[in-house]
Every structure is written in structure tokens, then in C-alpha cells.
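So, here come the structures, one by one.
Both of the next two complexes hold subunit A, though its partner changes from subunit B to subunit C.
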Partner chain A sequence: MATFGRALLIVAFALTLYGIGASLYGAIAHRRAWVDSGRRAVYSLAGVLTVAFVVLEAAFLRNDFSFSVVATHSSTTTPTGYKMAAAWSSQEGSLLLWVWLLSLWSSLVLYLTRRRVREIAPYATAVLLGFGAFFLMLVIFFASPFKTLANPPLQGTGLDALLLHPAMMIHPPMLYSGYTLCAVPFAFAIGALITRQVNVEWVQITRRFALGAWLFLGIGIILGARWSYTELGWGGYWGWDAVENASLLPWLTMTAYIHSIMIQEKRGMLKVWNATLVLATGTLAILGTFLVRSGILDSIHAFGASTLGVPFLILIGVMIVGSIGLVVGRRGILRSEHSLDSFFSREAIFIVQNIVLVGMAFVVFWGTFFPLISEAVTGTKTSVGPPWFDRYTVPLALVLVVLTGVGPLIAWRRATLANLRRNFVVPLLVALVALVALLAIGAGDQPKALLMFVAAAFVIGCVGQELFRGTRARQTMSKEAAPVALVSLVRRNRRRYGGYIAHVGFAVLLLAVAASSSFQHAKDISLTPGQSTRIDGYTVRYTQATAAATAQKISLGARVDISKAGKHVTTLRTTRNFYPSQDTSLGIVGRFFNGDSDSVVGLRAGVGRDLWTVINPDLKPLQPIINQGDATFRTAMTTLVRNGGSSASVNKLYQLRDTAIAGITQRFITHPWAADFRILVSPLASWIWIGAIIIALGGLIAIWPMPHGAARRVRAGYAARVARDLARS
Partner chain B sequence: MEFVAVLAIVALVALVVIAPLRRGRVEQVEQRESSEVAELEAEKDSRYAEIRDAEMDFRTGKLSEADYRQLDRTLRGEAVAILRQLDRAGAGEPPEEAAQRRAEEYAEERAPEPQADERPPEHAEERSQQRSA
Partner chain C sequence: MDPSRKRRIRLIMAATAAVFLASALIYTSFSAGSDEKTAGQLHDNAIVGKQYTLAGTVAAHSVQHGADGVLWFSVVDPHRPVSVRVRYKGIIPDPFREGRGVLVKVTKEGTTFVGEKDSLTTKCPSKFQVAPPRGPAKSGSGMSSKQT
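Let's turn to the complex of A and B:
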């Protein structure tokens, strides 16, 4: 099957080259048949790569260790769900996933636009296939997922223990969907610039794909944060890690873009800015993939090797130079059709918001690449830590939250002072009430968090007022009951109210980040069973050690009771899992204790606060017994082999080893010693995930297509025709 | 077996990809909609969205009545100009579509007026204009 897979990749590569040629020839020679053929090459590419991906997944599912990638990223004991996810935990598989997703999204956009943007589409097709050709070149010549081993092992290495987490099964496909969707508006922007068709049509066509990219990237980022919170054992959800930042960068610029294109759609303004933003976003998406896969920056999840660095750098260089060249070359036709009517207008707020978002992206970019910059300038690799990022991003985030409230309250084109006064009274009152209440409960000693709470209250007040007024207006028009009117209002104005809902989610998320980071109580302590400690008014008692040994892992854990004022609150269970290593130098027994390990946190998530704990058992007390076991079994095995012992004798020896391991594991219960615990009380931490769900809901509403009622042509008096078209939609 | 499967896939892909080159019809069909029309349609959609947004802004108190009236007039004027350009650009309309359109126009113009209208009161004069048209 590996040969079949390799052949499919070559067919796919040939398809991309043919598609690029056919599309460009069709565009230049005005031969629609060739353009159509080029588009069909994309559909075929999606089909061929789907088969290739199925071949790879099948190899993982049937433990075919003749595939190198299966032998190094899976094992017979890996659970089925994780076997499927193991395909994209490898560099080779993830590159195949990238190009497969690209082919699917490209097919979708080209199918939907098959009768539109006729001049732009062939160039966009060529660009999308260009990306496809690049990634296929990587999986054919640099990192083939279909590489085979001459002597397949009986057992695979297994999946990295840290990746054994449900979020990790869908985090990479989400992130890669986001990255590949970024390529769609990028490709159409290139097409628009080449053909000088830079008005509003290509923006309208790719808007949903831009929103989709933003949505998928956001979901991917938040799943990564959730993984970090519940798997990595440090209690945080965001550590300004290079790979985290790599996914945040295109999300920030895409957020700016999906706002600023509204100005281009409505006023024909900001064409240079929008083209620059979307080209930068596409480039940052490739940069993100490069950071994960190249390993040039130290990261907890940079899984790649440096062999791919040069090809990626060439691609990124071509994208940057080409983008700048096109924007500069077309600056004449990218001139704005109008100018800003007033600084008190939604356009002006969007421009400020764009500046803040791009400023934030610049800060993240600078901090992420500072190690490389410092190495280039001083010869020493120096990193900036989370405090550096916080120093700049927190004030910018505060401004951003305020703007998400201000934007919806100001009309397009112009706003009068009287209207501003009328619209701002209620939200400002809500913010004031929040401020007084927070000061009363003593939140004043954390000024940044306090400001974020007040800003979030302001946003909730703004959007609440908008929904209330909109519903009331709808009720006046349609005589509907309030809930029905609210649903109708959102349904008929999906883009507007979907956006507002996302704004509320964003405010909630940042409020939760401020609360959980500023008012978090953390304690690192060593406890033996029966001992207890106090944190933020809670008594935390290590009641019982737990231990289990299976073929897949050894788990050492604890049961922890939490009480407050003598009243039982909850019982948390936390474990540290140790996965057997394939490295025989660690010893016959030792390899079961000294391989990869991960944490299962004890978490009680609540509306008000999360109670979180993780155990880190010290294995030192077991080490002498483990060493003794290694020596004993090594001697026994050597003797057996020298004397030509039967396989039954060897199996018996393995059974004895398993019994010994189970016995050693049980010592954690029978002879308990002190274990290290990290205990956290994080206020409002659950609202991070709730805020993210609200953002995703808003994004989905905004992305959902409107009924196509206005599409029909009606000829009548022109004014009446406009009115009828509007009444239909 | 693998060789046969690859061969079958290559043959299938070749059939799918080359099919348009063997048909002359595609070009004829696809040339009906010019890029100018598509661009104008996009402009029209934008202007309609802006008219709707202005109306929402007025209804939710972000625009005064005077500002709204002026803005709405401007936007509708722009939309009318786009429709005129669209009609000019659509001169090469195929005969069957033109006949269909004329039938639609006839039916639309004679259709009874809706009982309740969602537009703000200041459009009353436009409604009477529409009736007389």
C-alpha cells in the first residue's frame, strides 16, 4: 500500500503542475475550456489526496509498522481514536493533512465561484495549486508519509504522551483548516491584483472563507489553550509559546481584515490596506506552519526537524516579495474611491481597531522572533518571556475591548454628538455600576484587571442595548413577540448581529483571562497522604495515594479532598502517567518508569472558580528497586539466551517482570512517600471557554448564508426596483 | 493490483480534467456573464447592504431622522445608478432570458401591493411613486 500511496502523491503533484499551466494558459489566451480544465484539476487533486490520506489512516489503524511514520508515531496499544490522530502528529502526516485540506477548501471555493470572477479565478486557481505543489514536493522529496522500513518492528514507538488528549485529536485539523483557508483570500487577492479587478467582488466572494479561516484558527487556538490547561501540568492556558503565537498572528490580522473589508465594500476605501492585510495573513499562515514544522524556535510543540527550513523560507520569501511587488505595482488602481466623512463614524473606529490589531500582531511577531533577531545581531539567542508580551499586549487588548463596544454604537459615515450621547448613556452606566461594585468587593488592587472588567461590562452594555433596541424596532414593524422578534432580527441581519455576539464573547474571554490571571491563588507543596494545606480559604487534603499498572501505562496518583469552613466541596483525582519507552538502554524494568509521561489534572470547573490540582510523584524512592530489577532480569535474560532457553521460558520471564512492575507500582500505596502538588484556585477560568464558544457562535451566525431572495432580476422604475429588491432580502 | 489501481485513478483523473477541452459548449455558456456585470452586481449588493445598515442604524437610534433621510437618499441614488449601468451592461442578454424577464416585469408591476410594509414611514412617498409606476 505504501507504493500505492507514493504513486498517488506523484499523480497529485502532476495534477498541480498541469492545473497551474492550464489555468494560466486559459487566463492569458482567454480560453475558458482550459480554465475549466484547471479548475477540474483542483477537484481531482482533492479526490486523489483523499484516497492518499485514507491509505495513510488505514496503515495506522491496522498497525502497519512497515510504514516508518506508523512505527515512530503509533503502537498496538495506542487507542483507536489516537491512532487516527497520530497521522497528523507526525511531520509527514501533518504536511499531507495540510495539502489535503487545502485541496478540499480550494475545490469548495472554486466550485462556488465557477460562474463568477472569471478573470480572477484562473490566477487564484494557479496560486492555490502552487501551494499544493509546494507541499506535495515536501511530502514526496523531504518527508514522505509513505516511506517504508526494510525491517519493520513488531511494536511501534507509540504516540507522544502529551498528545494523548481529546483536544489534540481535533486541534491540528482545526488549525490547519484555518491556515489553509487563509490561502483562499490570499489567492483571490493575488488574482484580483494581477487582473486589476480590485473592486468589491473578490472581497465579497472570499469573505466567508476569510471568516471561516478566522473561525477555525480561533477554535484551534482555544483547543490548544484547553490542552495546555488540562494536560501540561502547569495550570496555564497561554504561555506565549512560539507555536501558540504563530497561530495567533494570522488570527489577529484576519480579525483586522474581516472588519476593514466592510469599509471597502461600503465606501470603496482602504483597498491598499485590505490587500496588504490579506496577503500578510496568507504569508503568516505559511509562517505558522513553518514554525511548527521547522523547529527553528524552541517550543513545547515544535515537532519538526530543520530539514524543511530552506524550502519554507524560499516560499515565504517569494510570497513577501511577490505581494509587495503586486501592491506597489497596482497602487494606482488601489486608490480609495471616497475619503473618511467623519472621525465620529464606524469607519474611523474600524481603522483605529485595525491599527490596534496590527500593532498587537507586530508585538507578538517581534517577541516570537526576538531569539532569531538577537542571534543575528549579537550572536546570542535571547528570548523574551511572558511578562514582556503582557507589558504590551494587555494595554492593547484593553483598547480593543473598548472598541468592540464603541464600534456597534456609532453609525456608518457620520454620527452627531447628540446621537453619541444618546447611545453611550446606558453602556457607560453599566460600566460605572460594574466599577463601583468591583471597588466595593476590593478588586481595586489589580488596576489592569479592574479596567478590563469595566471595559467588558461596557461592551456587554453596548451589545445588550443594541439587541434591545433592534428587537423593539422589529416588534414595532412586525408585531412579533420579543423572543421571536429577537431571532428574526438576528436572522435577517446575520453579519451585524453575529459580529456583535462575537464581540460579547471576546469581552467575556478577556474578562476571564484578567480574572483568572490577576486573582489566581497558586501553591506548590509537597504532601504525604493525610497531610493538608490551605489556599484561598480552602483546605486541601491529600487523602489517598492511587496506583495502577497496565500494558499501556503506569499511573501514580492521588485523591484530594477539598473543603471550605469544614464543609466538603469536592474530591479531585489527579494522576501522573508513565508510558513504556522502546529505549532498551533504560533497563528491562526501568523503561516502564522512565519513558514519556503526562499529567491528568484534577479539575472542578465552576461558574465562579476552578479548583485545579496536579500531582508530580517523585520516583527517586523507587529507583533502587527499579535498578535491582533491571540487573536481575538482565542476568536472567542473558542466561536464558546463552543456554538456548525456550520461548515459553522467555514468556515466563516477561510475566515475572510484569508482576514485579505491578508490585513496584503498588509500593506508591503501601509505602507512601511525599508527592509534589500544584494547587490552583482560578476565578472565572471557565468563562474563557464560554467566551470562546460565544465567539464561535457569533462567527457561525455571521458566516451563515442569507436567503438568496434578492438575486432575482426585476425591472420597474429604478427607485421602486431598489425598494423591492431590499424588501425581498 | 496496486499498479492497476493507480492506472485506474490516472485514467479517471484524465477523463475528468480533459473533459472541458473536448467540449466547445462551455465557452459559449460562460461568456454570457461579463465581468462588468458581475462587478456591478457586487456593487449593487454592497449598496443594498449599506441601505439596510443605515436603516438599522436609524431604527436603533444611531442616526437622526434628518441624517438618515439624506444618507438613504444618497445611497438609493447610487443604487439606481448601478442598476442603470447593469441594464446597459446586460444588453447582450439572451432572447429567452429577456422574454422571461419581460414576463416577470409584467407580473411584478401588476401584482397587488403588500398590506404591511417594513420600511420606515418616510418612505410613504416612494410607495405612492411605486404604485403610480
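Let's turn to the complex of A and C:
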């Protein structure tokens, strides 16, 4: 099957080369048949790569350890779901996933646009296939997922213990979907610039794909954050790690892009800016992929150092030089059709919002790459930590939240005093009430958090007012009940209200980040069973030690009761799992306690606050008995081998060893000693995930296609509203 | 005012603001950054009271758990046989082990280096690239499960 897989990759590579050639020849020679053939090469590519990916997944599911990646990333004891996910836990498999997803998205966009933008599409096809060819070259020549072993082992190494988390099954495919979707608007922008077709059509065609990229990247990022929240040593839900930052960069610039294209659509402005943004986003998506794989920056989430850095650098260099060359070369036809009339206008607010987003992206970029920059300048690698990132991103995020409220309400072209009064009095009153209430409950000692709360209240006020007005107007027109009118309102203008909903989610998410980071209580303490401690009004009692031993792992843990004012609140269970080491030089018993380990956090998520705890049991008290076990079994094994013991005897010895290990493990319960705990009380932390769900919901509503007639009516209605705004000013 | 002149003034103002902010960013990143040093560099040249990011490998048999959750370990220089002793308190990442690459923010105090709370990061070059298994699976690994 590996040979079949390799053959599929070669066929796929040949298809990309053919498709590029056919598309470009068709475009230059105006031969429609060749262009169509190039597009069909993309469909075929998707088909071939689907089969290749199925072959790889089948190898994981069949425990076919003749595949090198299966032997090193899975085992017979790996649960089925994780076996499938193990395919992309490897460098090789993840590259195949990348190019497979790219082929699927490319097929979708080219199918949907097969009768539109006929001049741009062949070039976009060539660019998309160019990306495909690059990644196929990597999986054929540098990191083949179909590499085989001459002597396959009977058992594989298994998936890294840290990756045994449900998010592993969905987080990487989401991120890769986001990254690969970024290539779609990038490709069409290149096509538009080459063919000088820089009108708004290519922007409208790729808008949903840009939104899809933004949505998938966002979901991927938030799933990663959630995973990190429950993983010890990954810096909580956000640690400003290089790989985390790499995924945030294209998300920030894509956020800027999906807002600024509205100005190009409505007023024919910001063409250079939009082209630059979308090209930068495509490049940053590749940069993110490169960062995870090159090993050039220290990250807890990166693949090991590899030889893929140079090819990626060449690709990024080509993308940057090509993008700059095209934008500079086409600057004449990218001129704005209008200029900014007033700073008090929606255009101006969108521009400021774009500057803030790009400024944020620059801060994140600079901080992420600072170790490399400083080494190049001073010869010393210097890194900046979370406080440096927070210093810049917190004020920028505050401005951004305020703008998410102002942007949708302010008039196009020039806002009048009446417009400002009509739209902002209520939200400002909501913000004022929030400020007074927060000061009254003593939130004033955290000014940044306080400002974020007030800004979020302002945004919720803005959007709430818009929804209320829209619903009321619809009720007046159609006599519908309020909930029905609200749903109809959102359904009939999905882009607009989807955006508003996403804005509320964004405000809620940042509010929760501010609350959970500024008002978090943390305690590190050593406790023995029966002992208790207090944190933020809660009494935390280590009630019972727990222990378990299986073939896969040893688990030492604790049951922790949490109460407040004498009333039981919850019981948390936290464990630390120890996985057997592969190092055969370790003792026969000791290797079960000296392998990889991971922590299972005890978490009670609540609307008001999260209660979070993790145990770090000290194995030192077990060490003498482990050493004794090692010595005893070493002697027994030596004796058995010397006397030519049967395999039944060896198995009996291993059974005795298993019993001994289970006995040693039980000492954690029968002779308990102190274990270290970290306890956190994080206010509103759950709202981070709720905010993210609201953003995703808003994104889905905005992306969901409307029936053609309804869309036309909405466009007409919106055009009338814009015209009213313009006429008023 | 002439629109092109107006546009030019806006552009100059925006460029000035961008240059000012970028300068602040660059200055603070150099002044607030922490130099990444090897154990050998710190052993030879560390200044008492200055913070560094120590990068290296956790020395074999060097990890000790002290009282009150204090963790002691030594970090070895990757290029020469020199190590420095680190006293650390805070979150110990799950992948932390002897022989693993780590990054930790340290300040020299006397002869030891004191780690900043929660600054310990375990580098994982092997995280997704586990060493291949050496041979057939060991028999007798059917350990029974015991849970209380």
C-alpha cells in the first residue's frame, strides 16, 4: 500500500504541473478548453489526494507498522479516534493533510466560479496548483508519509501522551483549513493583479472563502486555547508562544481584510490596501506553516527541527517579492475612486480599525521574531515574554473593542451630530451604568480590566440597540412576534447581522480574558490527604489520594472537595499519568515511572468562575521500593535466563512484575504523603469559550448564502440606506 | 485646502506616528527582552541580579524536589561540559524530564540561579517526532487495572 501511496503522490504532482501549464497556456493563448482542463486537473488532484489520505489513514487503522509514520506515531493500544488523528501528528502526515485540504478548497472555489471571472480564474488556478506542487514536492522528496521500514516492529511507539486529547482530532484540521483557505483570496488577488481586473468582482467572489479562512482559523485558535487551558506547562489559554502567534497573525490581517473590503465594495476605496492585506495574509499563512515546521523558533507546539526550512523560505521569498512587484506595478489602476470625506464616518472608523489590527499583527510579528532579529543585530538571542506583548496588545484590543461598537452605527461618508446622537446615546448610557456598577463592586483597582468591561458594555449596547430597532421596525411592517421578527431580521441580512453578532462575541471574549487574567486567584500548595487550604473564599480540601495502574499508564491523583461558607460546591478529580519509558536501559519496574507524563486537570467550569486544580505527586518516596523492585526482578530474570526458563515462566515473571507495580502504585493511597497542587479561581473564564462560540455563530450566519431573490432585495435595501447616508452628508 | 496637499499632510502625519510607535516598539523589545544564554555563558559571565533566559538540557540525575514545592535541577551547556544549578518554583510542564531541552528565566543569586515563577518551558524537539521503537513489543505487558 505504501508503494500505491507514493505513486498517488507522484500522479498528484504531475497533475499540478499539468494544471499549471494548461491554465497559463489557456489564459495566454485565450484557449478556453485548456483553462477548463487546468481547472479539471484541480478536481482530479482532490480525488487523487483523497485516495492518498485514505491510504495513510487505513495504514494507521490497520496498525501497519511497515509505514514509518505509523510505527513512530501510533500503536495497537492507541484508541481508534487518536489513530486517525495520529496521521497529522507527524510532520509527514500533516503536510499531506495540508495539501489535501488545499485541493478540496481549491476545487470548491473553482467549481463555484467556473462561469465567472474567466480572465482571473486561470491565474488563480495556477497559483493554487503552485501551492499544491510545493507541498507535494515536500511530501515526495523531503518528508514522505509513505516511507517504509525494512524491519517493521511488532508494536509502534504510540501517540505522544500530550496529544491524547480530544482537541487533537479537530484542532489541527481546523487550523490547516484556515491556512489553506487563506490561499484562495491570495490566488485570486494575484490573478486580478496580473490581468488588471481589479474591480470589485474578485473581492465579492472570494469574500466567503476569506470569511471561511477567518472562521476556521478562529475556531482552530480557540480550540488550541481550550486545549492549552487544561494542559500543564502550555501557558494557560494563551501563552504568546511562537506557534500560537503564527496562527494569530493571518487571523488578524484577515479580520482587517474582511472589514476593509466593505469600503472597496461601497466606495471603491482602499484597493491597494486590500490587495496588500490579502497578499500579506496568504504569506503569513505560509509563514505560520513554516514556523511550526522549521524549528527556527523555540516553541512548545512545534514539530522537531527539520530540513524543510529552506524550501519554505524560498516560497515565502517568492510570495513577498511577487506580491510587492505586482502591487507596485499595478498601483496606477489601484487608485481609489473616492477620498475620505471626514474622520467622523464609517470609512474612517474602518480605516482606524484596520490600522489597529495591522498594528497588532506587527506587534505580534515583531515579538515572535525578535529572537531572530536580535541575534542578527546584536549576536545575542533575546526574547520578549508575555508582559511585553500585553503592554502593546491590551491598549490596542481596547481601542478595537470600542471600534467594533462604533463602526456599524456611524454613517457613511460624514456623520452628522444628529446621527451620532441618535446612535450613540443609548450605548454610552449602557457603558456609563456599567462603569458605575463596576466601581461600586470594587473593580476600580484593575483599570485596564475596568476599561475593557466598559468598552464591552458599550459594544453590547450598540448591537443590542440595532437589533432592537430592526426587530421593532420589522414587527411594525409584518406584525410578527418579537422573536420571529428578530430571526427574520437576521435571516434577511445575514452578512450585516452576522457581523454584529460576531462583534458581540468578540467583546464578550475580550471581557472574559480581562476578567480571568486580572482577577484570577492562584495558589501553589503542598497538601496531604485531609489537609485543606483557602483561596478566594473557597475551602479546598484534599480528601483522598487515588491510584490506578494499567498496561498503558500509571495514574496518581487526588479527589479534592471544594466548599464555600460550609456548603459543598464541587468535587474535583485531578491525576498525573506516567507512561512507560521506551528506554530499555531503565529498570524493569522503574521504566514504568520514568517515561513521559501528563496531567489531567480537575476543572469545574461555571458561569461566574472556573475552579481549576492540578496535582503534581512527588515520586521520591516510591523510589527506594522501585529500586528494590528493579533489583529483585533483574536477579530473577537473570536466573531465569541462565536456567533456560520457558516463555511461560517469563510471562509469569512479567505478571508478578505487574502485580508489584500495582502494589507500588497503591502505596500512594495506603501510605499517602504530601503532593503539590496548583489551584486557580478564574472569574468569567467560561465566557472566553462562550464568546468564541458567539463569534463563530456570527461568522457562520455571515457566510451562509442567502436565496438569490432575498439577497437582491437586501442589496437594494442596503444600497438605498448607503445612498441616504451619502445624501444626508 | 488643496485635496492632494491635504492627503500629503495626512500621509506625513500617519508616517510620523508609525515611525514613532515602531521606534517605541523596537526600543522596549531590546530593553525589556531577556538574553538567551547557555549554561556555559552564565557560568562564566552572569551578573548578579540580571535576568537571563537559560537554554539547555536538564542534566541526568539532577532533578530534586525540595520542600514547599521547590524544584532543583541542573542545566547543561550543549557545547561543553558545564552546568548551572537552578532553583525553581512554579508550574512544572508535563514534558519536563532529565535529558529534555528547557528554557527558564533565571537571575543569579550567589552561586545558584533562581528561576522566575512559572517561566519554565520544556522545549519539545521530540514531541511530535518520537524515537522509533527498537524492536518487538515486550511480552507480559498486560498489567491489570486497579482503581480506587
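In this section, the second predicted complex is superposed on the first by the 697 of 729 C-alpha atoms of A that agree within 3 Å, B and C clash if a C-alpha of one lies under 4 Å from a C-alpha of the other, contacts with A are read in each partner's own complex, and residues count from 1 in each chain.
Criterion: a contact is a pair of C-beta atoms (placed from the backbone, for glycine too) under 8 Å apart; a residue touches a chain by one contact, two chains touch by 3 or more.
What you are looking at is a predicted structure, and each value in this text was computed from that prediction instead of being measured.
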Touch test for A:657: subunit B only (first), subunit C only (second), both, or neither?
second
I'd like to know which partner A:480 touches here: subunit B for first, subunit C for second, both or neither.
neither
Kindly classify A:413 by the partners it touches after superposition: subunit B alone (first), subunit C alone (second), both, or neither?
first
Between subunit B and subunit C, whom does A:630 touch in the aligned arrangement: first, second, both, or neither?
neither
Identify the partner contact of A:596: answer first if only subunit B is touched, second if only subunit C is, both if each is, neither if none is.
second
Name the contact category of A:546: first (subunit B only), second (subunit C only), both, or neither.
second
Touched partner set for A:390, first subunit B, second subunit C, both or neither:
neither
Quick check for you: in the superposed arrangement, does A:117 touch first (subunit B), second (subunit C), both or neither?
first
Residues on subunit A lying within both footprints (that of subunit B and that of subunit C)
none
Could you list, by residue number, the parts of subunit A that touch subunit C in their complex?
68, 71-73, 89-91, 149, 153-158, 160-163, 231-235, 295, 298, 300, 302-305, 339, 359, 362-363, 366-367, 370-371, 374, 380-385, 387-388, 391-392, 524-526, 546-551, 580, 582, 584, 596-599, 616, 618, 620, 647, 650-651, 653-655, 657-659, 661-662, 665-666, 669, 676, 678
In the complex, the residues of subunit C that touch subunit A are 3, 7, 21-22, 25-26, 28-30, 32-36, 53, 55, 65, 67-69, 89-97, 103, 105, 119-148
Can you tell me which positions in subunit B touch subunit A when the two form their complex?
2, 5-6, 9-10, 13, 16-21, 23-24, 26-27, 30-31, 33, 35, 38-39, 41-43, 45-46, 48-54, 56-57, 59-64, 67, 71, 76, 79-80, 83-84, 87, 101-102, 104-105, 108-109, 114, 117-119, 123, 126-127, 129-130, 133
Mind pulling up the subunit A residues that touch subunit B in the complex?
1, 3-4, 7-8, 11, 15, 18-19, 22, 31-34, 36-37, 40-41, 43-44, 47-48, 51, 115-119, 197, 199-201, 204, 265-266, 409-416, 418-419, 422-423, 466, 469-470, 473, 477-478, 493, 496, 710, 712-727, 729
